[in-house]
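A, B, C, D, E and F are the chain letters, set down in written order, and residue numbers restart from 1 in every chain.
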Amino acid sequence: MLTIFLLAPFGGSLLVLFFPSDQRGATAWFAGAIALVCFLLAAGLYPFVTAGGVLRFELDWIPELGLNLTLRMDGFSWLFSTLITAIGVLVVLYARYYMVAEDPVPRFFALFLAFMGSMLGVVLSGNLILLAVFWELTSIMSFLLIGYWHHNAHARDGARIALTMTGMGGLSMLIGLLLIGRVVGSYELDAVLASGNAIRNDPLYLPILILILFGALTKSAQFPFHFWLPHAMAAPTPVSAYLHSATMVKAGVFLLARLWPVMAGTEAWFWIVGLAGLSTLLLGAYFAIFQQDLKGLLAYSTISHLGLITVLLSLGSPLAAVAAVFHIVNHATFKASLFMAAGIIDHETGTRDMRRLSGLFHYMPITATLAMVASAAMAGVPLLNGFLSKEMFFAEAIETHLVNTLDTVTPYVATIAGMFAVTYSLRFIHSVFFGAPPADLPKKPHEPPRWMRAPIEFLVLACLVVGILPGRTIGPFLDTAVVSILGDRTPDYSLAVWHGWNVPLIMSFVALSGGVGLYFLMRSYLATGIEGPPVFRLLEGQRIFERVLVTLSWKWARSLEQRLGTRRLQPQILLLVFLAVSAAATPLFLRGFELPSLVIRGVDPAFALLWAIGIACAVGAAYQAKFHRLFALVLLGGAGLVTCITFAWLSAPDLAVTQLLVEIVTTVLILLGLRWLPKPVQKPEPEDIPFRIRFRRLRDLLLALAAGGGMTLIAYRVMTQPASGTVASYFLERAYSEGGGTNVVNVILVDFRGFDTLGEIAVLCIVALTVFALLLRFRPHPDSQDIPLQQRVQNAFDDDHPDRNAGDSIAEYLHIPSAIMRWMFPVTGMLAAYLFLRGHDLPGGGFAAGIAMSIGFLLQYMSGGTRWVEERLRIHPLRWMSLGLLVAAATGIGSWLFGHPFLTSHSQYATLPIIGKVPLASAILFDLGVFSLVLGATVLILIALAHQSVRAPRAHARPARTEREAAQ
Amino acid sequence: MTEWLHHLLILPILVPLAVAAALVPINERERTLKGSIGFVSTLVVFVVTMILMRLAAAGEDSLPGDGVYQLGNWPAPFGIVLVLDRLSALLLCLTSGLALAAQVYSMARWHTAGHHFHSLVQLLLAGLNGAFLTGDLFNLFVFFEMMLAASYGLLLHGSGPLRVKAGLHYVAINLAASSLFLIGVSLIYGTTGTLNMADLATKLAALTPESRMLVETGAALLGIAFLVKAGMWPLGFWLPTAYAAATPPAAAVFAILTKVGIYIILRLHLLVFGAAAGASAGFGQSWLLAGGMATIAFGAIGVLASQAMGRLAGYSVLVSSGTLLAAIGLGHEEMLAGALFYLVSSTLTIAAFFLLIELVERGRDAAADVLAVTMEAYGDFDQDEEEEEAGVAIPGTMAVLGLCFSLCAVLMAGLPPLSGFIAKFALLKGLFDMSAADPAMAISAADWTYVTLIILSGLAAMIAMNRIGIRTFWASIEGTIPRVVIIEITPVAVLLAACLFLSFQAGPAMRYMQATADDLLAPALHSERVLSAPRAGGR
Amino acid sequence: MELILSAGIGALTASGVYLLLRPRTYQVIIGLSLLSYAVNLFIFGMGRLRVNAPPILQPGGIGDLAHHTDPVPQALVLTAIVIGFAMTALFLVVILASRGFTGTDHVDGREPRGD
Amino acid sequence: MTELAILWSILLAQVMLALAMAFALYRIVKGPHAQDRVLGLDTLYINAMLMLVAFGIRTANTVYFETALIIALLGFVSSIAFAKFLMRGEIIE
Amino acid sequence: MRTWFPYPLLSTALLLMWLLLRQSVAPGTILVGIVLSTILAWVMLKLQPPRSHLRRLGHMASFGLHVVADIARSNIAVARLILRSRRQPVRSGFLSVDLDIEDENALALLACILTATPGTAWLEHDRRKKKLLFHILDMDNANAWRQTLARYEASLKEIFR
Amino acid sequence: MSHLTDLPAWAAIAVCGLLLLGAAMTLIGSIGLLRLPTFYDRLHAPTITTSGGTILVCLASMLCFAVLQSRWIFHEVLIIVFITVTTPVTLMLLGQASLYRHRFEKPQDVPVKPGPPARADPD
């Protein structure tokens, strides 16, 4: 039952979305029907909740987190549900006429229904977290509703502020509710309501209180968080009527009332809630007087009335709680009707500005009468419902609850606020409906359509009936609601209209007469037409909030983002290195790093000299890389060579071979790239270098030394430590017997850890593809688009001499060398074949072979040039790559056929005639894949780069062709 | 039968790898063919990972071969093994799902922006899956590089000055980080003689103080390398720029890249430096905590400071990383399941958002000429302007985009009722619950800071998304309606639908996460499973 | 031996790191190359240094760590060399592309102000 | 005795070769022309190759031969790339 | 035969290289070597290297011996030159001579020989003018070098015809 | 650490002698690189290394392994051949590049291009 109750609005909302946007009537009827069904359901559920009865429904959502769809309806939530649905029905009816035909109403009604559903969810949640969920949903939906006319800047601002404020509150409340869950051990409302003492006595009580109150007070627009509400007026009036009467702002007081049994009654509660409520009550009423916008006046009045309810709840007395609940209902009725009336006025006259409105009674007497009754209820005139609850409030205000200043001032504040309420109510009526006929209204006013007025009529009737016969009408329902909050603490109270001559009545009288007096005193000031109250006008909460928000969330955020972050590379790398050095040093420092004693054993002078050269090369390269690129590259080659010799020296022939080959290709690669870099900057005179740069260099140098020193220390420490038992023994023992090869390194690469190799060639493949794709889009800078200076000089030389043809210089230059280089091609091929075939037993392997072969190709490119080579050799690097990767993968998959996991190697020897025993390890096939891929990828990278020279000068002429060439 | 089922474990790596290889030589003009092959491949991987996740959900015992796959039939710790458990299965599934979405999306237009897009996506997928599956530290490096290399390619896809500049920084920083990775791994090998993570876990407690010191140094360097990938402040400044510069489908897949760093940190932290690590237990935790919190704060600030949606999304990635890192750093076991849920939810959201951004910005009238400039700046479509598929301006395009945007906003801000909220709720509940049983254990200052940061970062996301959303959808009503192809919006919708599914099925999802967390908190069982897995066949 | 090699690794690292922190793309690529030498040697050193004990078995033989050096770091270095080579190539092309688009060889794609 | 003599003479040879490398480095550093540096690098390569051959003799192990062979066959590639760069400003036209 | 072995000398050399590399003359090795060298020669066909027809292989051997002797002699000479260079600076210079060899391979061989011979450095050859510019370390020997070069030229013309 | 002690005395002496001589020639070549005054002079220095040095050292190696393994196989021949073939390419290209650069920068120091007279200032 409860689920249907809750699902109906959401389901309806979804369905409404599919209505065509020009079907205003049908849409409204459908939405109204949904709301009506809900209302009837609520009404029908009444018998279940009388006398402390509770309806429950539970559906698992996330039981692990204690968050379930627990719906729970007691008297209080029943009262609220009824209010929400009843006013919902009326507002839909009203909106049917209010919204103009051009508006896309399906969206409006969809949002409206969803909002109604969320609000119902808030009041029906039996789980605190679920409540928070619906709570935020109301914020989101109200945001969308307020911003419904989003082409209007006010609507956008109002929506944004409302969401920001209530969203903030909701987040804070969530934490509070989570903390309650921690204290209670459950989020179920029943459990929480039963643990009042535990909560109030917990050390976390104060944080819980503050966090939850922040949520509730922001939602209920309590001072100083009230300012979002007036701006929410930018919403269509039906929305305002709904949000400000029965829903949204009432969610805050609903929560206060809901948690009243567990939270209220402490001094902290009294102070925080009371202070907020009192100031809101007073200031809201005061501000309301000075509004020029009808809806603005009503908005501030709403704020004030919510303050009243809050004050009642703050007092901690059961009787006050009763009054609070009663006023919630009363306020909903008269405020909804007033908003609708304001909407009608707006609708019929085209303005809501009280400065322009007057004498409307003549044009719309019925509406005027209705509005007058409703404002009288708002002002607290006897025989209307507002009077009753206000009386109860006055009565509670003079009671002493706690002995402190706040309690003492309450009655005075209450009276003054009451006075203000009379003043603004009077103003509303007097300035709009009486006085001279309106002068220049955008439209000629007349009575609204019959059914547009009907909701107001119904509500005003309710005000009257309740005001005259409270006990017969609202009495039992109020009782049901109050019992569900207070339980056995429910006090005796009477809802009679007449209680005799008592202090509250005198206060009411003072307020009424004072209010009327005040209005006439202030008429002259109000006539000046200044918007907003004196003094406070300057202190506009919304503007302050906007300022703060913009400052915090935009200005400060931007400057902080720039200060705390950077988009430059150098600082990022600096931080990275610094953190790496620190991170590595921390364990060393904490665990007491001790330098192992320096044992100079087996120092080989040749090796030492070798490394002296290596170090000199490294340092030199670092020193020269900026001003002498070629020089630095030569030195880099020297350092690489020393590394290579070191590998060979220290029993790693495979590494030496690979390092050497890679070294050669890398050098060629960088040389290919050098042509596209700008001229290096000129080395400045030492005295020209500014201090800042010197400092930076010194800092970087120190950091680099720290990094280098750290590496030295760690490396030395580990290398002088005896080796612990490593997995290597396993490989050494099995390389031949199970891996079928004597070169253990190669067996590891293609068998034991063949998967690494597969990944590694994939990396090479990816890089080659990336390089290729990037170079296809390569746009040389204009400076480097021309052919290099040397070539220009040589070409000019050829051109200037009649006996020379173009290109003679280069032809002569390469004449003899290229003859030799061409013959090197098959020799390189032979070397590659040799390296490949011996890999499994001796240094070599697919990778080395692939690189060697690609150097063979490279040589041909260098000697003959791109065109020459490609006219003769058809190289398909992409196919080589694809083939290589597929062969390697297929070899791995092959082992599935033998029931073994991927990449399981199978080695056996086949005896062939003449050739003899031939090793047939599947690893060789795998290595063939490696070879093919490496060859393809390396050639692709080199050629793609080399092609830029061919393509660049004629980039615009024939881009497509060179692309095709490169693709082959 | 079981034998063959066992090979499922390697398919998430092998299928995309082989398909990528097969796609390479196909002519670029056959983009649709390439895309279709890639799509089928990713779909296969997705199905496989779904099956694996189902199997893993039922418990490790129901996994073929106990979830351990010995490559080359060499047992751990000697050979490389793939290890499947609930966590890796989850991430595999997430990865392939994202890849699927990105791939479909790209086929509308983005794959024409450069060459070999589909191969690179497949290779990225293989790299990511490998990183999630491998149980070997060095093999992890290889897959990391594979993943990174592919991400370089995808980031540079389409070329243009902005991408190239971002790519330069991205590559440079990651190359430096990769060096740290290598140093760390080799240092660990040099002192413990093993590369297998499970084996390492068993060896750590018995180390001599000196070796322990060196292993910790290695681990610290590894940590820095992973934190660079995870984007921890102050190591993640490259991230927003790079992610914002990438083409949308690439950026969507990148949403998972940072999670790889976090995944490894989580894994190593709990497996190797768990309670059984002796004196090294909880190594580096306080760094993670401080760094994670700083990252949340910086990310939130960046979210607020972002004018462009791309950067906003990039900073959201940082917030998400920071949230997870700090959660790990807090060390509350109760938060683990929530953290995992958060990981999934935030990744899906951000991926969807990255895909959405471009669609939304396409229609912005005021930005139209700006967009033209950016197109120029990015160098898009300057050469391969092919016949553009007719962009059907579906009715209500703006409404659909707006709805998707709102969902993203709600998810990113962690507002109810969607999975973003549930994730944060789960995290915070775990945090508050950790000491509920023991009243003496108060909520520490660090806990409070974390809570505050979580809330504030959500708020920041709300404010920023609100601001940008209003500007885009409400303020510029006159903007032209973007031409969006169905296959572009569908992936966004599907990713968001996944979030919705996660929201409504949060119960089962949380159960899975809880079981995953329980797995992670029992490292000894994991190690034993890996090290005692039987070899196949008689070898 | 150990001392010399560690000093060499340190020098290569320091030079590489220093260049990595410099503003010109060419400096960075040379720095990365130097750093990768250092890292490769470091990995290699983790298997301890041995002269004339290459991990190459006699046919049919069974190896052991007493007569052969540790082959594992060597295999790792081989992988690292290949990946390092690939990355150098990629980075090179990226810096060339960056130069082509931005006109400068500064790592940030624009000349620093006021320097 | 022979053993010692052999070891010492090989060591002496290696030191001489290392010195030769050092001189080549000197030329690289000193220049003054770019071609001098390239010439120095080429010499460095050849000296290093001879160093490897000598090392092979010293360890009586032939597995180091490949490296030397590759230097002999392919070591000149980077040198000619440099040379061509000096001559033409780019190495593949 | 030509179709199978387009460059017999190349194939032979490659086979020899293979055998030296494999350090074996087992039938299997030879077979693999023949296959490889044949394949590589076919690939070479595509590069269209200049062909040469060698004659008088006997003459080649004596030419080779001469060259080796020359190289050995100049090694010693140049070594002395270097060692005394501090006291007595070398007097080096360029030398331009006519060189009437057309065959590219012969020229390449000559270049190798001259370069391998310390004291001479091949610099520039003008195909059209048939002039060779080379550099010699010891100008005092300029005439001797001219004669040597003429001798080489004659021998090479004999062999490559 | 080495099996060199297995060599018969004559072989050991020969190997050591050849090796030392080769190393010395190499060193002299490098000294030439160090000392000789102009680039063109220095161009000659490495040829001592590539011819004398390489041949002698490789001979030492050949002899050594031939005696040690009792097999008359000289794969070091390949090194000699390759060095002899490849070094000229480097030196020729370097020499010509240098010549070009000199003609461009300081044309008076080097001979003009054989054939038509080169312009002093080509650009």
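Everything that follows uses one rule, which is that contacts are C-beta pairs under 8 Å (C-beta built on N, C-alpha and C of every residue); 3 or more make two chains touch, one makes a residue touch a chain.
For reference, the UniProt names are A = Na(+) H(+) antiporter subunit A; B = Na(+) H(+) antiporter subunit D; C = Na(+) H(+) antiporter subunit C; D = Na(+) H(+) antiporter subunit F; E = Na(+) H(+) antiporter subunit E; F = Na(+) H(+) antiporter subunit G.
These numbers were taken from a predicted model, which means no experiment stands behind them.
A.B. asks: Count the C-beta contact pairs for B-C and for A-D, then tell me which is higher.
C.D. replies: Counting C-beta pairs in contact, A-D comes out ahead.
A.B. asks: When you average C-alpha coordinates per chain, which one falls nearest the overall C-alpha average? Tell me, please.
C.D. replies: That would be chain B.
A.B. asks: Which chain has its C-alpha centroid at the greatest distance from the C-alpha centroid of chain A?
C.D. replies: Using the mean of the C-alpha atoms as each chain's centre, the farthest one from chain A is E.
A.B. asks: Using CA atom averages as chain centres, what separation in Å is found between chain C and chain E?
C.D. replies: Centres of chain C and chain E (C-alpha means) sit 39 Å apart.
A.B. asks: Using the average of all C-alpha atoms in each chain as its centre, how far is it in Å between chain B and chain F?
C.D. replies: Between these chains, centre-to-centre, one finds 56 Å.
A.B. asks: Between chain A and chain F, what distance separates the C-alpha centroids? Give it in angstrom.
C.D. replies: Spacing between the chain centres: roughly 68 Å.
A.B. asks: Would you kindly tell me how far, in whole Å, the mean C-alpha position of chain D lies from that of chain B?
C.D. replies: 48
A.B. asks: Indicate the residues of chain C shared as contacts by at least two other chains.
C.D. replies: In chain C, residues 20, 25, 42, 45-47, 51-52, 54, 56, 72, 79, 83, 86-87, 90, 94-95, 97, 101, 107-108 touch at least two other chains, as defined above.
A.B. asks: Two or more other chains touching the same residue: where does that happen in chain F?
C.D. replies: 1-2, 29, 31, 43, 45, 50, 75, 78, 82, 85-89, 92-93, 96, 100, 115
A.B. asks: Quick check on chain D: which residues sit in contact with 2+ other chains?
C.D. replies: In chain D, residues 14, 17, 19, 21, 38, 40, 59, 63, 69, 73, 75, 80, 82, 84, 86-87 touch at least two other chains, as defined above.
A.B. asks: Please output the residues of chain E touching chain F within their complex, sorted ascending.
C.D. replies: That would be residues 17, 20-21, 23, 71-72, 75, 78-79, 82-83, 85-86, 89-90, 92, 94, 96, 111-112, 114-124, 126, 128-129, 131, 133, 135, 137 of chain E.
A.B. asks: Contact residues on chain A for chain D in the complex?
C.D. replies: Checking each residue of chain A against chain D gives 604-606, 609-610, 612-613, 616-617, 620, 630-631, 633-635, 637-638, 641-642, 644-645, 648-649, 653, 656-657, 660-661, 663-664, 667-668, 671-672, 674-675, 787-791, 794, 810, 813, 817, 821, 824, 827-828, 831, 835, 842-844, 852, 855, 858-859, 861-862, 865-866, 942, 946, 949-950.
A.B. asks: Can you tell me which positions in chain D touch chain C when the two form their complex?
C.D. replies: Result: residues 59, 61, 63 of chain D touch chain C.
A.B. asks: Per the contact definition, I'd like the list of chain D residues that touch chain F in the complex.
C.D. replies: Touching chain F from chain D are residues 2-3, 5-7, 9-10, 12-14, 16-17, 19-21, 23-24, 26-27, 33, 35-36, 38-40, 42-43, 46-47, 49-50, 53-54, 56-60, 62, 65, 68-69, 72-73, 75-76, 79-80, 82-84, 86-87.
A.B. asks: Quick check on the complex: what are the chain F residues that touch chain E?
C.D. replies: Of all residues in chain F, those touching chain E are 25, 28-29, 31-32, 35-38, 40-41, 43-45, 47-48, 50-52, 71, 73-75, 77-78, 84-85, 87-88, 91-92, 95-96, 99, 110-111, 113-115.
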